[in-house]
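The same subunit A turns up in both complexes below, where it pairs with subunit B and then with subunit C.
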Partner chain A sequence: MDKLTLTRQNKNRIVATLILLVPAAIQCFPLLYLLCVSSKKGGEVIQYPPRLLPEQLTLINYQEALSSAPLLRFLLNSALVATSITFLQVFTSVLAAYALSRLEFKGQRWVMALIVGTMMIPGEVTIIPNYFTLASWNWLNTYPALILPFSVSGFGIFLLYQFFKTIPKELEEAAMLEGCSRLRFLFQFMVPLSLPAITAFAIYSFVGAWNQYLWPLIVTQSTEMQTAQIGIGMFRSQNESMSWGVIMAATAMLISPTVLLFIATQKQFVRGITMSGIKG
Partner chain B sequence: MKKDSSLLAWGLLFPTLLVLGCFVIYPALQSFVLSFQDVEPFSKQSFFIGFENYMVLFRSPDYWQSLRVTFFFLVMTVIPSLLLSLAIAITLDANPFFQNFLRTLFLLPVAISSSMAAMLWIFIYNPTAGFLNYILDVMGIQGPNWLADPDYALVAIAVATVWKEIGFNIIFFLAGLTAIPTELKEAAELDGASPRQRLFYVVLPLLSPTLFFVSVVSVINSLQSFGQIHILTAGGPMGESTTLVYNLYRDAFVKFRTGLASSEAVVLFILIMGATVFQFRMAKKRVHYG
Partner chain C sequence: MANVEITKVRKCFGNVEVLHEISLSIQTGEFVVLVGPSGCGKSTLLRMVAGLDVPTSGTIAIDSEIVNSMPPKLRGVAMVFQNYALYPHMTVRQNLSFGLKLAKVDSLEIKKRVLESSEILGIQDHLDKKPGQLSGGQKQRVAMGRAMVRQPKVFLFDEPLSNLDAQLRVKMRTELSLLHRRVQATSIYVTHDQVEAMTLADRIAVMYQGKLEQVGKPLELYQNPKTKFVASFIGTPSMNFIEGEILTKLKPPKGSVCGGFRPESTFLSEEGAPAKLFLGKGRVVLVEPLGAMAYVHVSLAGQTVIIEAKSEVFPKNEDPVSVWIDPTKIFFFQDNGNRL
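And now, the complex of A and B:
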């Protein structure tokens, strides 16, 4: 019996592995293709029939991409914007979630309903008036324009609210008897105790901020303010004069930070996204 | 003591309410108001014109086309991405060799934004030097000019979108599958249930809350797709990839028809809400929480 189930188990594992081969190949093809095309010499890219592997590896496309667009600036902009949004969302969510889950005040339910309600408003509904608001403040094409409208997350507040509720009230009462103020309790006890939820939300928030497209497209006007997602469009629209090798090299450089970050932090990353999924 | 805590509460909520008020609630209401107005592009003067924007919208063949495109895109992205990611997640859960490696591979596109995913596919679709038409050529098929052909552009965008989206879905399906107690599957097996029966009568019903959540999110994401369309086709050819959101973007920020674009935003909001409510209704009958 033991031997039988063992072999059957192995058989199942082999079948599962085989089934996954084709989708796995398709899934990694675009990334491998990117690396191959970006390391081919000029004429070789448009050769027919195309060869998958380059005859001769070259980094010349990467050099050319770096000199034809401020790629590092794009990445720095993305990093600055995404980090600021993440930090602000976490900070405002911690404060608001604490007020909603631990303090008593009039209108608490209404505030909670309002915050949850804002989660249902899609971004497209707010962009036009937001654009006008920022234009009237003369804030277009600035970092605050990219950051400020996203400095609060209804979802983050909701997630932390639920997490804070699970922390025993007795802990807080005991701390207060010892003379600990509410704010000190929040930052010295609640926040460290909620670190798994906060990290998960921070990752979710960072990914969302990094990947934003429509809003940065609208509010950035000069090249030096563009984020990676928008900056890459330069390569799309100039593709008549630019070689595909260079375009692919630029893409490779702009996606590598998040891909590497993902590989390095996969576990937290996945947990961040699944925990955020509780909202359903 | 009580008064003290309510003052503190409002203080803590102040930044949140300020930002939500300025950048979510006010603009949402403002969009609604603007949708009943005609706004001069330069002087920004506005006049109340009743339902005129909505009438213009629904009399415009272009708008109906964008509704149709959005619907096809929804079908072409949500259904394949749900089925593929579910199948891949179930197979990944069956403990294949190199499980960790395979999982990383399938999840990787989560780290890639929609515009970058589009850049990855743009050269694959190149009619003369791209790999897709080369493979078709080897099989004796003359491949189309994918992104410039009105019949194929939307399909091409949908494929790139599905490629990017399935990683996100697989994360949720894997989490749902690991939450199913192994004893249940084993019990079914001992009772003589075939693998197919186990899948349809044990695994899928227990996975239905996850399935429901993922489909709600997928529908919303699909309706809001923008980056990949902007990069791959910019709404063309002949409007065949102009979705509602793309149309809204162009009316608002290229043609500066603020009032009209606002009415599009309101319609989009109603459609997203409608699709979500519809799914919740459907779920009442079919989703098993337990």
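And now, the complex of A and C:
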């Protein structure tokens, strides 16, 4: 390029980008380090002085991690549990938010207050009663134990409630006059029109479910039932003799789905959070 | 096509009664306009005909069948909303055909009706656009098209033109009038704009504070208002009113009365029409010239009177003037607002 002209706007943009690069680098460094360590040969990890980049790339740590623990099983468990929780939470939130925002019934405001109230209660409080309930049903160490306690989300209901309120009432009335039932309106109108909010909530819900640690740790006993997060913990605590490279390789594999999910959906995620309403 | 019979309908929201025993019958093919100031209960009445609200008491019958507990979709009514209420995620074509599909109308028939009505309304080039890509006037047409394709027994309009700019509003008003002449469908049209009411209606029902004040043909309301409210609401500029007492009648009504006279029966000179009544001397406070005539606001004995002046030369502000009225065009109203 022979002539490089910078408009004021471009300059501002570059400055902003440079400033944002700093926190981005701080955020990304551990991930990068993880990837580097996981692809270093045996002794290189504890070399002094330490080096960031491996001398020679290798996948041997990944092989070893895969052979020393049922990582695939952990990943599948996590995927199953997180997908089910996400689906259930979205489904129940859509139904509840519709009822709260569009139907008129006695005690509506109390129900709403109660739901919002559940957001104030830390999840840990419910662990013990939930554990005993599931134990008394003999449900420990099963998928339902991992999934069902999280089938409803107060946050999800509240978020979609707020969003549904912005959809004009006349839209539903017009559809009703044309013979549209409430359920059809919900799934053919409300849901598509709220897709940004629903997508954002689904991602939030999925990541939350994927990252659960304490609850799966408590209710699962056998490796067939354990999830990726437990798997990572297991690597650290049980295999003290195991090399850091292998642990990092296992970790990289176990966190990759959420990272990929976020990269794939970040546009919708941001849109869902910043979008406030719908114009007629 | 059907008639609509509203009988002694009341509506309460909680403890507030917003409609008081309204009775109104609408003939088959008639275009009736409900007009009144904002908040007088027009939309509520319309929504009860549509089935979106339930009357607290009284009955509504469509096609001689009482529909109080009939769900909206079975009533055979179509409604056009003020904010259009188009389905934003569907194309115009889908908007138009949605109701027909739900009613399981044959798909060839749907195509035919969509094409027909979109041609009548001049939106055939926009069938594959989404509502967000249309202008206000186009959206309005789609909203009307959506009502038309269903070939309903009764059309309901809730202030359909009030979101449009003044010019487009006048244009759409004319189109709507022509459309009605062509389709001849029973229509109930709600507006707060008396000009819209006068130009569109076969009959006008004037509402005020939850009551029907008067029902009649447009000119009837103008020439023969039954209450002070109707007299003041119909016609622009509004009728002039002057408070006073009747002294010479044999049995004068108790309390004060109010005399009303329209700007066009008020004059700035004695010439012209016969037997004019001298009202008094006043001072010009404002002149609104409109070309061939002007509205002259005159302050007279502490009240402002508007006069339609047709002379070549209009008075100027602060000019002293004398005001005459045509005594045959004075309306007298009692304290309670009823005509004497």
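Following the convention adopted for this analysis, the second predicted complex is superposed on the first by the 241 of 280 C-alpha atoms of A that agree within 3 Å, B and C clash if a C-alpha of one lies under 4 Å from a C-alpha of the other, contacts with A are read in each partner's own complex, and residues count from 1 in each chain.
Methods note: a residue touches a chain if its C-beta (ideal position, glycine included) is under 8 Å from a C-beta of that chain, and two chains touch if they have at least 3 such contacts.
All figures in this text were calculated on a predicted structure; none of them were measured in a lab.
Peer 1: Are subunit B and subunit C a fit on subunit A, or do they clash, once the structures share the same frame?
Peer 2: On the superposed model, which is not a single observed complex, subunit B and subunit C fit side by side.
Peer 1: Would you check which partner chain A:Leu76 touches, where first means subunit B only, second means subunit C only, and both and neither mean what they say?
Peer 2: After superposition on chain A, A:Leu76 lies in contact with neither partner.
Peer 1: With subunit A at the apex, figure out the C-alpha centre angle toward subunit B and subunit C and round it to a multiple of 10 degrees.
Peer 2: 100
Peer 1: Per the overlay, which chain contacts more subunit A residues, subunit B or subunit C?
Peer 2: B
Peer 1: Is A:Val191 touching the first partner subunit B, the second partner subunit C, both, or neither of them?
Peer 2: neither
Peer 1: First (subunit B), second (subunit C), both or neither: which does A:Leu254 touch?
Peer 2: Touch status of A:Leu254: first partner only.
Peer 1: In the overlaid three-chain picture, which partner chain does A:Leu66 touch, first (subunit B) or second (subunit C), both, or neither?
Peer 2: neither
Peer 1: Could you tell me if A:Ala174 is touching subunit B, subunit C, both of them or neither one (first, second, both, neither)?
Peer 2: Second partner only, subunit C.
Peer 1: If you've got the overlay open, could you tell me the nearest Cα approach between subunit B and subunit C in whole angstrom?
Peer 2: Comparing every C-alpha of subunit B with every C-alpha of subunit C, the smallest gap is 7 Å.
Peer 1: Intersection of subunit A residues contacting subunit B with those contacting subunit C?
Peer 2: On subunit A, the overlap between the subunit B and subunit C contacts is residues 280.
Peer 1: Looking at the complex, which residues from subunit A come into contact with subunit C?
Peer 2: Counting only subunit A, the residues touching subunit C are 168, 170-171, 173-180, 189, 192-193, 278-280.
Peer 1: Name, in rising order, each residue of subunit A that touches subunit B in their complex.
Peer 2: 12-14, 16-17, 19-20, 23-24, 26-28, 30-31, 33-34, 37, 45-50, 52, 92-93, 95-96, 98-100, 103-106, 108, 111, 114-115, 118, 120-133, 148-152, 154, 157, 182-183, 207, 210-211, 213-214, 217-218, 228-230, 232-233, 235-236, 244, 247-248, 251, 254-255, 258-259, 261-263, 266, 269-270, 273-274, 277, 280
Peer 1: Which part of subunit B faces subunit A closely enough to touch in the complex?
Peer 2: 2, 5-6, 8-10, 12-13, 15-17, 19-20, 22-28, 30-31, 34, 44, 84, 88, 91-92, 94-98, 102, 104-117, 119-124, 126, 128-131, 134, 137, 163, 166, 168, 171-172, 175, 209, 212-213, 216-217, 220, 224, 226-227, 230-231, 245, 248-249, 252-253, 258, 261-262, 265-266, 268-269, 272-273
Peer 1: Can you name the residues of subunit C that touch subunit A in the complex?
Peer 2: 50-52, 72-73, 77-79, 81-89, 98-99, 102-103, 131-132, 146, 150
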